[in-house]
Amino acid sequence: MMEITGSPDLLAYRLVARELTPDATVIEVRGRRIGDGFFGLIAGPCTVETREQTLETARAVAAAGATVLRGGAFKPRTSPYAFQGLGSKGLEILAEAREETGLPIVTELLDPRDVQEVAAVADVIQIGARNMHNFNLLAEVGRVPRPVLLKRAPSATVEELLMAAEYVAKEGNERVILCERGIKTFERSTRYTLDLSAVPVLKRETHLPVIVDPSHAAGRSDLVLPLARAAVAAGADGVMVEVHPRPEDALCDGPQQIRVGEFGRFADEIRTVVALMGKTVG
Amino acid sequence: MMEITGSPDLLAYRLVARELTPDATVIEVRGRRIGDGFFGLIAGPCTVETREQTLETARAVAAAGATVLRGGAFKPRTSPYAFQGLGSKGLEILAEAREETGLPIVTELLDPRDVQEVAAVADVIQIGARNMHNFNLLAEVGRVPRPVLLKRAPSATVEELLMAAEYVAKEGNERVILCERGIKTFERSTRYTLDLSAVPVLKRETHLPVIVDPSHAAGRSDLVLPLARAAVAAGADGVMVEVHPRPEDALCDGPQQIRVGEFGRFADEIRTVVALMGKTVG
Amino acid sequence: MMEITGSPDLLAYRLVARELTPDATVIEVRGRRIGDGFFGLIAGPCTVETREQTLETARAVAAAGATVLRGGAFKPRTSPYAFQGLGSKGLEILAEAREETGLPIVTELLDPRDVQEVAAVADVIQIGARNMHNFNLLAEVGRVPRPVLLKRAPSATVEELLMAAEYVAKEGNERVILCERGIKTFERSTRYTLDLSAVPVLKRETHLPVIVDPSHAAGRSDLVLPLARAAVAAGADGVMVEVHPRPEDALCDGPQQIRVGEFGRFADEIRTVVALMGKTVG
Amino acid sequence: MMEITGSPDLLAYRLVARELTPDATVIEVRGRRIGDGFFGLIAGPCTVETREQTLETARAVAAAGATVLRGGAFKPRTSPYAFQGLGSKGLEILAEAREETGLPIVTELLDPRDVQEVAAVADVIQIGARNMHNFNLLAEVGRVPRPVLLKRAPSATVEELLMAAEYVAKEGNERVILCERGIKTFERSTRYTLDLSAVPVLKRETHLPVIVDPSHAAGRSDLVLPLARAAVAAGADGVMVEVHPRPEDALCDGPQQIRVGEFGRFADEIRTVVALMGKTVG
């Protein structure tokens, strides 16, 4: 573990380090658990586009055994002219989907000024890859009573991810789930390069749960199942995948979304690897 | 230029594109100019640590011909336990340094909630590399009457940098200076890999001024002069370098800061290359 | 599939493409098989150091169910002052290990002038990552009646790896096994970044078997098991790992070698994932 | 400088290190010099395609003041179906071009079995980026009385380049010119990312001359001049650029070749920066 100075009091990430807190953290939301043998199967649309698309997807993933529903209301987009999400309206739709399916909700927070509004609906607050270095936003979610799903920035080392988690923990909120979602490399057959070595490295360095998002990493739906299986076999505590009724019509990231009708088989395949690893879908 | 769809109305970055606005933009602050033949020599401490350190540095860089004073009051740090800057007190010290030297000030904004406070002191608002993808922050500075210095994220393509600039321009503020400061690669003899090819690529793609920060890229002061010279020769409209009275005592990034006493020679060397390129230190 | 020109006759890699040869290739050596449901468990020392070290390792991996013995006689080393392998003497030791254990041998060829000597002992000729772009060496092994294990260069795209395989196939030898072994990125917690996405991408693009070397990628033995398991789950047709009686005394790459006494458990764990994937250790 | 062990006798690169040999090496061929204040202007076609194309280019670059003629006879190509060069016939054409223009020749060696044939014509033997890790080839050119132009592999660190040079020097040939030509990164607006920081880093670490190839790095001719100028300003001892009478008809790398008719202006621009740096085109 990196030290800021020679003193053990000044470890760069002491609250999240396994060295100082050997017991694995379990994140519990609405009866679902992630970490220490409990596996999180997080699924849902990239973006909340309409009430119908979201509810159809939510019902399908719930029926297939997903444990958490994901969906973006506030969307960070590379181009200012791309669809930016439904915002508050999207949060309402997610709340309705939870009401109907019972699934807890994870959704992204982009702006410290929206923290109360998002925390009022989200069971887990996501900090996206683009904001992993947005330290004021990290401190903000460190002060709300919600677990945080923190995604690795595409240029961040594993150590930088741990220090970002420490920003959240330092404010009092140690319920952080780390998420590997691909790093930037020269390879072009995938959108990013999924760094699965980060899973066992992180499991060794920290007591926090570690999950993997194969959808954003691959950028193509045909790779989501093999990469999700590999993530489980590498020791991940969960996977997060994108599902859409009609990926070809999606307003965002269509090519990487699994079709609703295929999610059942996906979930079945994942469960066999989860069982092999001695874990339980939580 | 990348198109979102086939329509010319939907270019991914149309306001900042040279294709649609052929004339080069000149940014003018307190009589200093950057762009279209005017070269910006931006220098100052990485971080405002004390009144004395800042004023000593400001006087030295002003005497040596710098055109803008840089200095961080709000500092984004990888570790939450590292010094985070003096905040509001740092802004006051920068204002005093401007009062005394007449140099315009560039300083970083980290949080949309601080925009009015920072804009009240800063002549140019810096968006740091870690926040290039913080689109709400970009939109915020797009609505204040201050030029913006936008640094490229270490994992951002040139195209992504242009789209980030478009976020600012779309809100009405087209006074954006782009800054190359190194990307993440496997090479370890420098902190980041300075991508000087980005300078001529950007000059071709956009009408905005393009500057280079060799200090952060190299992470070592002995490379700052050769890389700054190279930046000018590649066509940059300015360089931004870090200067400190005693780098060995700096609270942040000491190894990459030039000593105050060496800045005069640095400025002289840069001016000869600026002149060769047919430009004028603005 | 990339085309050199618009003509289907000029596909950049037509002999190795699955598009033109849908049936999966099976490589058979001394009764062992790799590909199309047969899984290769390749193990042995990084380098043949002594007769005793090699025989002890060979016996242990044979007893634990390995299907091929690996071992370097000619070693490419970054520094000219590092141990360069035993050369011809190393080949003799490998032949003796085969005699005793019955395991086929894979060993590396570095120089086209050594091809006959290496082919006389090797059951499979390895082209190392440093020589993936050594096209004359590729053509040379394309003309000998031995299967080739071709490792991906740390800077090669998946497409470049396929074109390197095409160099071998074009000379008449289509018995090529592709091996992912990590690419160069900015991440520093592992020696290279293992690109497991390359496995399903390659399985889709080519009919050749695809294996993974987690030892070189990770550079640390504690990651070899989780990464090997992940490779199997991603669809790999085999794994190649380094094993040593006393890694702390190894003349090359000690930190990444599994201890002889731990290989049995490693093999057991891999077999459970192989079985789950519906494959058989060949 | 990296040490293999703690002993100064076992430095990883001791023959090429400036630490042990402070005086800069000057490479002299047919009266032209590179290093220690002498600047090499190396130009010519990527590939020798025909006698006419080569002679036309050679005359033009000689007239414009180039000091060395480059041209490929043996070409390493990513696809086995791409044009592989004229081989021996290409060497004859290069010899004729030298006869007519007086320019010394640099051409690439791919195979240790061709070393005598290439050395009989080449004044400087090039080891290409793809063969930087081909240690047997490096040792081979270490035993011939010809200077070696050693290109950095696109995935090699600066330290690995120095160790490759040490392979040549260790065999007795210390006349090595190092060449930066771009590394593999995620950026897509250029073919590779030119790492100009490597120039001052190498100048500090080694006494060998350091040159830059902006043509291969950029992959587009419009960037060659600004990047070459930047290379000179960063302290390079030379540049190597590709020139063709009709780039649009080139059999290899057309988009990155400068037109013959534009080379005169290119050379003039480079000379002004060379002069500013206190150097002389050698």
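A, B, C and D label the chains in the order they appear, each numbered from 1.
Quick note on the criterion: a residue touches a chain if its C-beta (ideal position, glycine included) is under 8 Å from a C-beta of that chain, and two chains touch if they have at least 3 such contacts.
Remember, predicted model here, so these are calculated numbers, not experimental data.
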| item | value |
| --- | --- |
| Classification of the subunit A:subunit C interface as same or different, half of numbers criterion | same |
| Pair sharing more residue contacts (C-beta pairs) when B-C is set against B-D | B-D |
| Chain whose Cα centroid lies at the greatest distance from that of subunit C | B |
| Cα-centroid distance, subunit C relative to subunit D, in whole angstrom | 33 |
| Chain centre separation in whole Å, for subunit C relative to subunit B (CA means) | 47 |
| Between subunit D and subunit B, distance of the C-alpha-averaged centres to the nearest whole Å | 34 |
| Multi-chain contact residues (two or more partners), subunit B | 155, 183-186 |
| Subunit B contact footprint on subunit C (complex, rising order) | 184-186 |
| Subunit A-touching residues of subunit C, taken from the complex the two chains share | 155, 157-159, 183, 185-190, 193-201, 204, 217-218, 222-223, 226-227, 229-235, 272-273, 276 |
| Of subunit A, residues touching subunit B in the complex | 4, 10, 12-13, 76-82, 110-113, 130-131, 133-136, 153-155, 160, 163, 166-167, 170, 183-184 |
